[in-house]
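Worksheet: the structure to be examined is printed underneath.
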């Protein structure tokens, strides 16, 4: 079946438009697209998207994370040993995180991290042939927002597309939520989100909002936020009763 | 199946002459085996159980690898019944590996995990092996008692005695009399009593030192047999905890005696000095 | 048991001790450790025995069932050996870990009792083609302190000696279906020619009996033989990864026969003595 | 495949929230999830959904020789299968600990309590009896497998019909369904399992989810029938070195009330389906096909969201009252696409549901797309007094040299 | 006993029919004519041996042996690393698997090893171990698979020889070749290399004779070193008879050894010629 931009594509569909584009442009095929001879095939199910000038990709619903260099992820420390931590980032392989990849860490001054703790880290190495490697500092040795996440918060997982959606600059979700709530959130590109708010109810409410945003259209986000607020009020008043 | 009429006679005594709340004779020997780190042998009536404890040692084989938790020790239990152990005459085909033995192993493991201070032994394993030599009712509870003793013998720190006891409610249609002592459940049932239509409740509890306060924590409880109306449950529970207290007293005495015996030479030594 | 690891120094010490005919525990080369035997200690079985020698602890239970004879041996009963290496002996036996050793021991037992000279299966037959006794000999190894084969052999013989099979008062064929009446009386098995198992362990240039665990580690080859009370040998098998000179082999064989006959006589005397205590005898079991 | 490690964060949060009487999915402590029962086209086969936990049960029967100890009774076997389909850490092949525990508890609950009239399953004493076999397959594991499996077992057993048999002493004739009507089983009583998990703090929740099961300290499962009788009891510590007070007495009355309700629901569902089958009426039944039918895909579809507050559904109701029109609009936005003959899929209009998806994160010409993963941390400090909100801090730490920035505007068409 | 659940094994209890047809002839068996053996051998004569190497192309080394009607195939595979159960093992290991083909005996054998076959595997292993330089391949394991295609007596001895030839053929370092032979003892008769019927006779004791020697001895030895590597005796025999029998067996083993050597030489010559 031939498809064009904006369509729902299935694996094996041929993408029509690309082949007809003039030669001088560099065409970039993103995830979900593959070229064989002169034809471009889709190999994921989703929506075919195009960004100018000529970037094509398939936006698909996915839960399993495939590491990409430079992405920020939320990982679970599963093992301490030698001078590295083993961190589960939901990929096919555990990632490694050096003791020294923290702000101000030295051989003597090691970060206090226990097995089962959460870290927010950046992928330094992500290649299909190598073990992914994480760091919790930027190139200036500063932590910025990276590092260990407090165990006060709450962790939940969601689909990768939801993460992409809420991290999009145009997504008003966090802005809107921030109008009424105070919270901290760390959303990893691996589909794990850590949230912390003042109370447990609020934390749950934020989490609900994030999950509910998956199927909310842009215009619906505002209503969603107000719903959350209402629910929260209801719950709190219910608790008072 | 045993005739129901035989189960009790007029005086309110059980077939083996016990009263409802009477336990069978409990005989205990600790330190039966030289090679094991800890061992104990218990006889509750005709139920005879042997337990050995090995460890704490380095985790081995599949148990070591599969457990992701490395901050606490691992308890590994195996419950095995000698093929000739059954009182009913027939021979068991396999000593272990059937569902019932596996369930027992699991429950024993959970009970032992509750009492051992596992946080002292990260990255190590404690093996508890139970061998039932003769089975005449209440064998799971007897093996919990024996395992507790074996742990004490092995010198592994535990929070409290884990004591197992069973209570059996014999459903007897002829027994309309509510006040009858046997009608409210008998303690430490033997095989014949367990086979009667009724309910057996096995409980592993951590009884308190002073019987005046709470009855103690229940660690594992399981019911088997036919149906039991919930209204009767509370009284059964009270009875079984009472039984646990009694067994604890007996075991406690046995442990003290054993330890005194063990430390006699050193006491003499002190005296001589 | 499987965990016994010796340094070469320890090994040499043991070796020299055996050369000098003075072993680590003070025994001579062909001396046994003292044994404790108790029979009829389990009421739920037809016959039972417990043997304790050094750190080795064996419990044997015998159960007798009615069965149908094999079609190719219509006038013979059945004798089955089952050995279970309990994990109480060593954690290595957990699950199926002890199965290899168990098969080895039960194979030796089967070989030892195979000849009709030792155990006549025909005596177990009740009605040819229809009914026979099946004797289950279940060996439970509770602790291993060396010399398992000898210990199992003695314990099995003691247990069989204590076995009581219900007496059959009437066995008739009723329209093709066998009909059997049992009485409360019991008959005993004729144990007069049951074998016992002797292990001769070759260490250095010498051979010893009743090795301890440490001595077993030092030995590369040993001979397990079963000796009948009439002086015949019913099975021989070599264990271990070493080889033996022909002359040594024959010497070991002769030595084994002499020891076997002596041991057997002592065992039978002891069992008789125990039997004289009668039924009122106190049973110690594991409480001693 | 190993189970993903339980993080300290989840542990703390669940413990704390339960202590405050809140559960992650908005239930109150002693509230169970919704139960849905679907039947397959043949007798004695059903799928049960308990929240997201999903179990399929199938009863089969064959004729066998009875056990010598019980020559005039049929047999009942229960077999629980946990395959890696349900959760990645389940091992196929080897029987895992959890499957042993579940099968043993079901055995106690249904076999030992004599809930089925086994004597009616005898055809010729000592020679031939019916052997019933209940196979339970776990499809999805979201906690409380035992309750779900017991509901499935009960529903399957009470739904099952065996073929009729006539015997003349020696030979037996098994009649196919076309000749003689199949016969249902006789159940003396209807037991179901009700499970609880006790936490460190001593608070107890009913019908735990998978996360709660992993955090909890002790587990209690009661097998209760509609006569308020206890058929099985199982109290057990999970792998923790902690002790808590047992809660058997405290929760037993809740459990019985719930069990009575649940049994009623199961009976109704079974009766409804059985009657529909007798009438050969296939409309309005709960069959497998109903459970995979897609419903509305809307923001407020609370079932899709595993984390929510207690009043979330209430809000939803209010919303649906107020915004009926809006709802309608949403459904109108869905179109049915026919990819081929015989199948139809309700696909929401892509412009609305998929249009907002963010850009993908593949590497473009060796550069990274920093800007989309920029706002991972959004720290918003809300000052109580004046309600001014600081701007969301966007930290574009673009330390790489050659960055090709895509305008997010472009990504949104 | 392990039961193969994946294969359909036929009914659990089945009986070969010939035990019924033979019923009348059984009395003849007891009156076996010991002056003349069925294959016209004299008592101390062994059957002719046919030995060939390299018949399993996939294996590192293999051998096929025929002793009369007894036919055995053996293959030896490359050493492979031991699965690390108890840490590093200073010595290599030999793993032997002895199997009767389902059709090899009077009675059909199931596909899984039964107790007897397991025992024979162990005997085979112990017979070979003294001859192999185990220290040459620490922490490695050599697999030896033996399949008896036709069992007409003395199959264990045949298996040991086949395995030893196959090991040598595979180039596994060895101290010497292992040869083995079997003797059946029935009263005063010493039947070298007994056939299966003779084995059966030697295994039974005649009625009303208590002091009667009967039994089977299989002896494996390293003739080049005058060492006994394995003995397996079953029956009821007094020590003097055993001594005599072992003497005969060791002598026979020495006689057989050149057969194995020649076979190996032939293999090497052939290889050498091919290379030329």
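Should a chain be cited, it is by its letter among A, B, C, D and E, assigned in written order, with residues numbered from 1 in that chain.
Note that in this section contacts are C-beta pairs under 8 Å (C-beta built on N, C-alpha and C of every residue); 3 or more make two chains touch, one makes a residue touch a chain.
By chain, with names taken from UniProt: A = Exosome complex component RRP40; B = Putative exosome complex component RRP41; C = Ribosomal RNA-processing protein 42; D = Exosome complex component RRP45; E = Exoribonuclease phosphorolytic domain-containing protein.
Please read these numbers as outputs of a predicted model, since none were measured by experiment.
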Setting chain B aside with everything else in place, what contact-connected groups do the chains form?
-> A, D | C, E
Among the chains, which one keeps its Cα centre farthest from the Cα centre of chain E?
-> A
Busiest interface, judged by C-beta pairs in contact, is A-D
Just give me the whole-number Å value for how far the CA centre of chain D lies from that of chain E.
-> 59
For the pair chain B and chain C, the C-alpha centroid-to-centroid distance in angstrom is 33
Between chain A and chain B, what is the gap in Å from one C-alpha centre to the other?
-> 52
Using mean CA coordinates as chain centres, what's the chain A-chain E distance in Å?
-> 67
Junction residues of chain D, two or more chains touched = 5
What are the residues of chain B that contact at least two other chains?
-> 68
For chain E, residues contacting two or more additional chains = none
Over in the complex, which chain A residues touch chain D? Could you list them?
-> 6, 8, 28, 30-32, 46-47, 49, 51-52, 55, 57, 59, 68-72, 76, 78, 88, 90, 114-118, 120, 138-140, 144-145, 149-156, 161, 163-171, 174-175, 177-189, 194, 200-201, 203-205, 207-208, 211-218, 220, 224, 227, 230-232, 234-235, 238
Inside the complex, what are the residues of chain C that reach chain E?
-> 2, 71-72, 103-104, 106-107, 110-111, 114-118, 221, 223, 225, 228, 230-246, 249-250, 253-254, 257
Chain D residues within the chain B interface of the complex | 2-3, 5, 95, 97, 100-101, 103-104, 107-108, 112-114, 189, 224-225, 227-246, 248-249, 252-253, 256
Using the touch rule from the top, collect the residues of chain B that touch chain D in their complex.
-> 68-69, 72, 99-100, 102-103, 106-107, 110-111, 113-114, 116-119, 159, 199, 201, 206, 217-230, 233-234, 237
Chain B residues touching chain C - in the complex, by the definition given at the top = 27, 29, 32-36, 39, 41, 43, 46, 48, 50-52, 54, 57, 60, 76, 78, 80, 82-87, 89, 91, 95-97, 127, 129, 131, 133-134, 136
